[in-house]
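Mind having a look at this structure? Questions to follow.
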Amino acid sequence: MTLTASAVPTRVATPFYRAVGDEVAVFRAAAGRGLPVLLKGPTGCGKTRFVETMAHELGRELITVAGHEDMTSADLVGRFLLQGGETVWVDGPLTRAVRQGAIFYLDEVVEARQDTTVVIHPLADHRRELPVDRLGTTLSAAPGFQLVISYNPGYQSVLKSLKESTRQRFVAIELGFPPVDIETDVVAHEAGVDPETARALVMLGNAIRHLEGSPLREVASTRLLILAGGLVAEGLGLRTAVQSAVVQALSDDSDVVRALGELVDAVLPRT
Amino acid sequence: MTLTASAVPTRVATPFYRAVGDEVAVFRAAAGRGLPVLLKGPTGCGKTRFVETMAHELGRELITVAGHEDMTSADLVGRFLLQGGETVWVDGPLTRAVRQGAIFYLDEVVEARQDTTVVIHPLADHRRELPVDRLGTTLSAAPGFQLVISYNPGYQSVLKSLKESTRQRFVAIELGFPPVDIETDVVAHEAGVDPETARALVMLGNAIRHLEGSPLREVASTRLLILAGGLVAEGLGLRTAVQSAVVQALSDDSDVVRALGELVDAVLPRT
Amino acid sequence: MTLTASAVPTRVATPFYRAVGDEVAVFRAAAGRGLPVLLKGPTGCGKTRFVETMAHELGRELITVAGHEDMTSADLVGRFLLQGGETVWVDGPLTRAVRQGAIFYLDEVVEARQDTTVVIHPLADHRRELPVDRLGTTLSAAPGFQLVISYNPGYQSVLKSLKESTRQRFVAIELGFPPVDIETDVVAHEAGVDPETARALVMLGNAIRHLEGSPLREVASTRLLILAGGLVAEGLGLRTAVQSAVVQALSDDSDVVRALGELVDAVLPRT
Amino acid sequence: MTLTASAVPTRVATPFYRAVGDEVAVFRAAAGRGLPVLLKGPTGCGKTRFVETMAHELGRELITVAGHEDMTSADLVGRFLLQGGETVWVDGPLTRAVRQGAIFYLDEVVEARQDTTVVIHPLADHRRELPVDRLGTTLSAAPGFQLVISYNPGYQSVLKSLKESTRQRFVAIELGFPPVDIETDVVAHEAGVDPETARALVMLGNAIRHLEGSPLREVASTRLLILAGGLVAEGLGLRTAVQSAVVQALSDDSDVVRALGELVDAVLPRT
Amino acid sequence: MTLTASAVPTRVATPFYRAVGDEVAVFRAAAGRGLPVLLKGPTGCGKTRFVETMAHELGRELITVAGHEDMTSADLVGRFLLQGGETVWVDGPLTRAVRQGAIFYLDEVVEARQDTTVVIHPLADHRRELPVDRLGTTLSAAPGFQLVISYNPGYQSVLKSLKESTRQRFVAIELGFPPVDIETDVVAHEAGVDPETARALVMLGNAIRHLEGSPLREVASTRLLILAGGLVAEGLGLRTAVQSAVVQALSDDSDVVRALGELVDAVLPRT
Amino acid sequence: MTLTASAVPTRVATPFYRAVGDEVAVFRAAAGRGLPVLLKGPTGCGKTRFVETMAHELGRELITVAGHEDMTSADLVGRFLLQGGETVWVDGPLTRAVRQGAIFYLDEVVEARQDTTVVIHPLADHRRELPVDRLGTTLSAAPGFQLVISYNPGYQSVLKSLKESTRQRFVAIELGFPPVDIETDVVAHEAGVDPETARALVMLGNAIRHLEGSPLREVASTRLLILAGGLVAEGLGLRTAVQSAVVQALSDDSDVVRALGELVDAVLPRT
């Protein structure tokens, strides 16, 4: 299934996204009902691109924020700033999305501090409200507002996990790495390399992903393959590009680096 | 026992709630005497709906706040804000409820920081007072004010539990998932699906809840079944809807996801 | 020994308190000499009522604050607030008590942060002074000022305990649950139920308190029995009232709840 | 050796102190050279009284501060406060002592946060300087300024101990409980009881101090004996006074309380 | 491969850098495409010099910041400051680099707090944007802007490591200590000593780097050898210089210091 | 080797320092080249005196700051203060040293928080720059500026140690306790006692330093011996002085105190 750009004017250029499973249909159904969506998947598999694509197709603005461990609800909702002796309220990104009916994408939600819960929960159930305590008011989300959050299940820990009471408010979509043909298309298009180079990189990526007893914390993502392709497009040799963008990016351990080098030698075409 | 809407004008549309046990009678008795109430029960079993229903029936305003681990008493009581060179006091949600005689519902109370104790205790015993230190005053709660807190016993831990000296000030009501017929009614009404689909979802929910040796941290809540129903009402197939709203929402583990998928195949009707 | 209301005008209605041992005599002696008092005892045994009673008898104002783990000395002493471009000093509750010669009751003192020590110590020895660093001054306590603190020995832990250098400044009074006749009087009076119901509740409370190998963290307090009585006074059946106000309040564990239910069946009269 | 009041006018009434060993001579020598002094000893053994006495004898003002775990150098040195739109510098207690040539007594120094080191070190060696960073200046201590700190070795822990680089700047004086005759004098004088009662209390204190295999964290201090005496002076019986001021003050454990009670019965005279 | 200075005017004098492997080609390719670069390597191996060289060759300004564990995104992006009653926005170093199209070098990135992630991520992928929440705006990076971060894999720990979702956005270049001839050139040039002295120092450095079972946390870096050379250039004897700049710098353990001293005796020429 | 005062006018009286090894030559070489210096050595061995001496000899101002665990870079660099409605920048001590070309001595550097790294690093390598982010500027160090830091290797721990990337920027000088004749001179001069008393104290110090299986965390420093000498100069007996200034200063353990007392008896001359 390939996405064709909708006729609705949007603020971003048509993103390049190749769908793999039901993700588009499920997102559309959730959007139709205003249900919040949780995207699950590994680093660099295309979660951000998918949201950009859906925003484009649905004709809605997209506001993206990356969660981090110092992020509090004030970072999302807004705060008073002192300007010229006056205190002026400045909307945070979530408040802007609620007012404009935009899609709000909170990437890596488990990194944020838990007081963000206080603003996520009433927006993620039948209330669709944002309490803005500092203003002493509660905003109803404009039509079109949709909450999307993402996280990487591989990073879950006792300290950083999604609370069940948060998680059970979201329709969950799992994304993974696409099959070879689709990933080859993506790498060729994004990196600006020929299909043969793209396919070689994808074959290498899959070889790394299927390493038995792998010592890697994370496998080679589509993003890494695109980085390597980009260096090739700038004139670097394929092996040098792969060494920097894939091998050195994946590990600091000299034994692992050597083993990955041997895998590269075995998989990449001899030029 | 079914709740019929009272004649008292309220600010919210009549909520849909199907009572299961003594909960309505106990809440009414506590409300009659101004005693605080503690709701216990799993995520998504309908605690919030129950409070909305009781507020509606009693004709009182309801102010809801979700506890979080950065929540302090100032978030509940209020604070001074600088506006145009003047400092202006802004009531917090608890202070508003105390002044207006509203029901104040503090969801997931164990998440809040313990300095909230200082404002909860004198409101939860015979004093019914709110000390507002920053204003140097103490407010007596208006008639009709009632404190309701909730928590999920399954989340209790050494670090996050309700202090006994707090807990023993509250009348406790335990809520669970409703029996099949009532839950089917709720899912059909809330999701806007036909009774057969609702019943199929409820049967699936009960199958998951009764899994022996379940690896799940939390079972499928009524809320999840309503989410799945909502996707069906938007045109998604039942299995696709269940996959996103139930299976992927309950677990990230591929083995568990597969096992749940088999359970879905066994329980859901073949279409 | 029963307290009779003194002739001295006070700000609160005569509290209902039934003395059990030497506590009134010891408190009177300490008050006569201005010595600080430490009340020890379990949750809900009547510590607050005892202090209210003594304040009433001695004709002194009572200022009560509940300790919590974010409480600092500024919460007790006061702080500067910005109002209309001016910073205005606002006395904290302890400073008010020191100026007015009131009884200052700091409930659950071990919960407060240790910088509260710095203001308690010079008030709790021969100096009877309150250093107010922010004002650059030291206040001498007015005659009649008395410091009372309380804690529950059952909650002591390595992290939260009273420092010896604090503890050894106080005259200590231990309070427990009263004998059956006195507790029956208290429950009947406070809940507004007849003596038979009150006695049934007290018998139940004692049965729970004397359970061998009890899995409960805390036993049924007088406070819980009064709560149950209050629900009965509102028209609930005795068993339903006990289920919410005692059984569900004491435990979340379904086995323990069942066992307590059987104890209730055995102890309460069949109606 | 008994201290006689000096002819120098002081701000406090002549304190009552009975010297036990070399402590007065060592303090005088240190004061003569401006060397800082570290007092070591258990809770309630008279450290504060000793410093008050020496300040009185030397004719110097005494400024006392109790260390606590939130105490920072700003609490000692001072800070800017906003008053009427102007920021006004307010000297902290240490700065006042440095300007006036007073004795500065920092009680329980190990409780304070370690940034107090930055102001203690240059005052405690040959420099005798106080850096006041906020004012961009450094004050030379006036003649007569002397730094005195105290701590209780029994409370030392890995987390809270005096850094060697701090400790080795001080002349150390160890104080303990006085011998029977001196302690009897002290208790009789401070509590206002007759010598027989005082001696009975001191005998009890020594019996507790010499308990073999004692389960107590801290023994009965002179301070506790004075408290008990004070209750007797207010008309309480000796046993009741000892129960509240000594036994209940020393332990919350019912077995220990009972054992101490038996010791009291054995030691105190039968009245 | 030796770098020759480009004709483009730069703000720094031509840095002295001797390339070892592909690092210059890879950096050039990344710069050509605006891809962010991650430099990996031990302390003192020349990471900073390499970035200075590349900035010089590419004719771009270089803005360098060292990460530390209190560094937040505001330290990078900027903040409002109060000046003359007005609040004035002051760009942080990252914002300046984004506006000017400079190379921004964040040294020891793993030391910074994780909220820096929020500003690094959108600058490190196809978006090349810097969200400036406090101004309510998002800046597009000027052409020429490039993000470079570095870290030392030997310091990685569970608490301080680069998140995979950050790491996989960067082209990685590993730097090590250069071969003998190149390092001798570097030491001679930087320290201003003759080639023989430089070679002796490099031989010593390599002997230390290849110690079997070395107890050292870190080996002798090129930086240390240059320090030692500098002391020689100031007239110190070679052994004295090595003792201070290498041996004492590497260890505090007297056994290790002695062993290193023997190694020095064996490796350095007898003068 | 004895230091003779230079002709250059300085702000401090000629300090008394007796050199032991190469420390003066190494410091002079480092100063000649502007290289930063790291002083290692135990508490009280004379590190501060050594820096004072070198500053005096080189004719430079000395600015000293003691590191502590709440020290941040702002404490070193400076901050804005609000004065009369205006915010005024106040240079921190490091900024003053950078502007004036003074020696900046950061004592116990490992105690400071790691954001001090951000200001130390660019001052400690070829850049000799101080970034002042709050002013949006970077200061070049004036000629004569030199950074000196110290720490006590015996205090190193996993949590508090010098980062290798910091450490390898410094020329390291190890200081220890001086030999008997030099230390005797120092004690006699500083304490104002006769050579016999000084020698007795030094012999005692060495006896303690060479105790086998010593339970002491730190040995008797030169500083302690000077303190004891000072008490003797004030008229105290030698044994009494040693008891307070050495024995009680070194340990709180009664067994250790007794053992040290026996050592004192054996070593000190019988008077």
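In order of appearance the chains are A, B, C, D, E and F, and numbering begins at 1 in each one.
Keep in mind that, in the parts below, contacts are C-beta pairs under 8 Å (C-beta built on N, C-alpha and C of every residue); 3 or more make two chains touch, one makes a residue touch a chain.
The structure displayed is predicted, hence computed values, not measured ones.
Any idea if chain D and chain F meet via the same residues, over half in common, or different ones?
Comparing the two copies, chain D and chain F contact each other through largely different residue numbers, since under half are shared.
Between chain C and chain D, what's the gap in Å when you average each chain's C-alpha atoms?
Distance between chain centres, rounded to whole Å: 31 Å.
So the centre of each chain is just the mean of its C-alpha atoms; given that, what is the distance between chain A and chain C in Å?
So the centre of chain A lies 53 Å away from the centre of chain C.
If you look at chain A, which of its residues touch at least two other chains?
Residues 82, 85.
Taking chains as nodes and touches as edges, what kind of graph is this: line, ring, star, complete or other?
Shape = ring; chains linked end to end, path closes on itself.
From the touch relation defined up front, give the order of chains around the ring, starting at chain C and going on to chain D.
Loop order (chain C start, chain D next): C, D, F, E, A, B.
Quick check: in the complex, which residue numbers of chain A touch chain B?
Per the stated touch rule, the residues are 22, 25-26, 28-30, 32-33, 35, 38, 40, 72-73, 80, 82, 85-87, 113-118, 121-122, 125, 131, 133-134, 136, 153, 156, 164-165, 167-174.
Please output the residues of chain F touching chain D within their complex, sorted ascending.
It comes out as residues 43-44, 48, 64-71, 75, 81-85, 90-93, 107-108, 111, 152, 155, 190, 217-218, 221, 223-224, 227, 230-231, 233-236, 240-241, 243-245, 248-249, 252.
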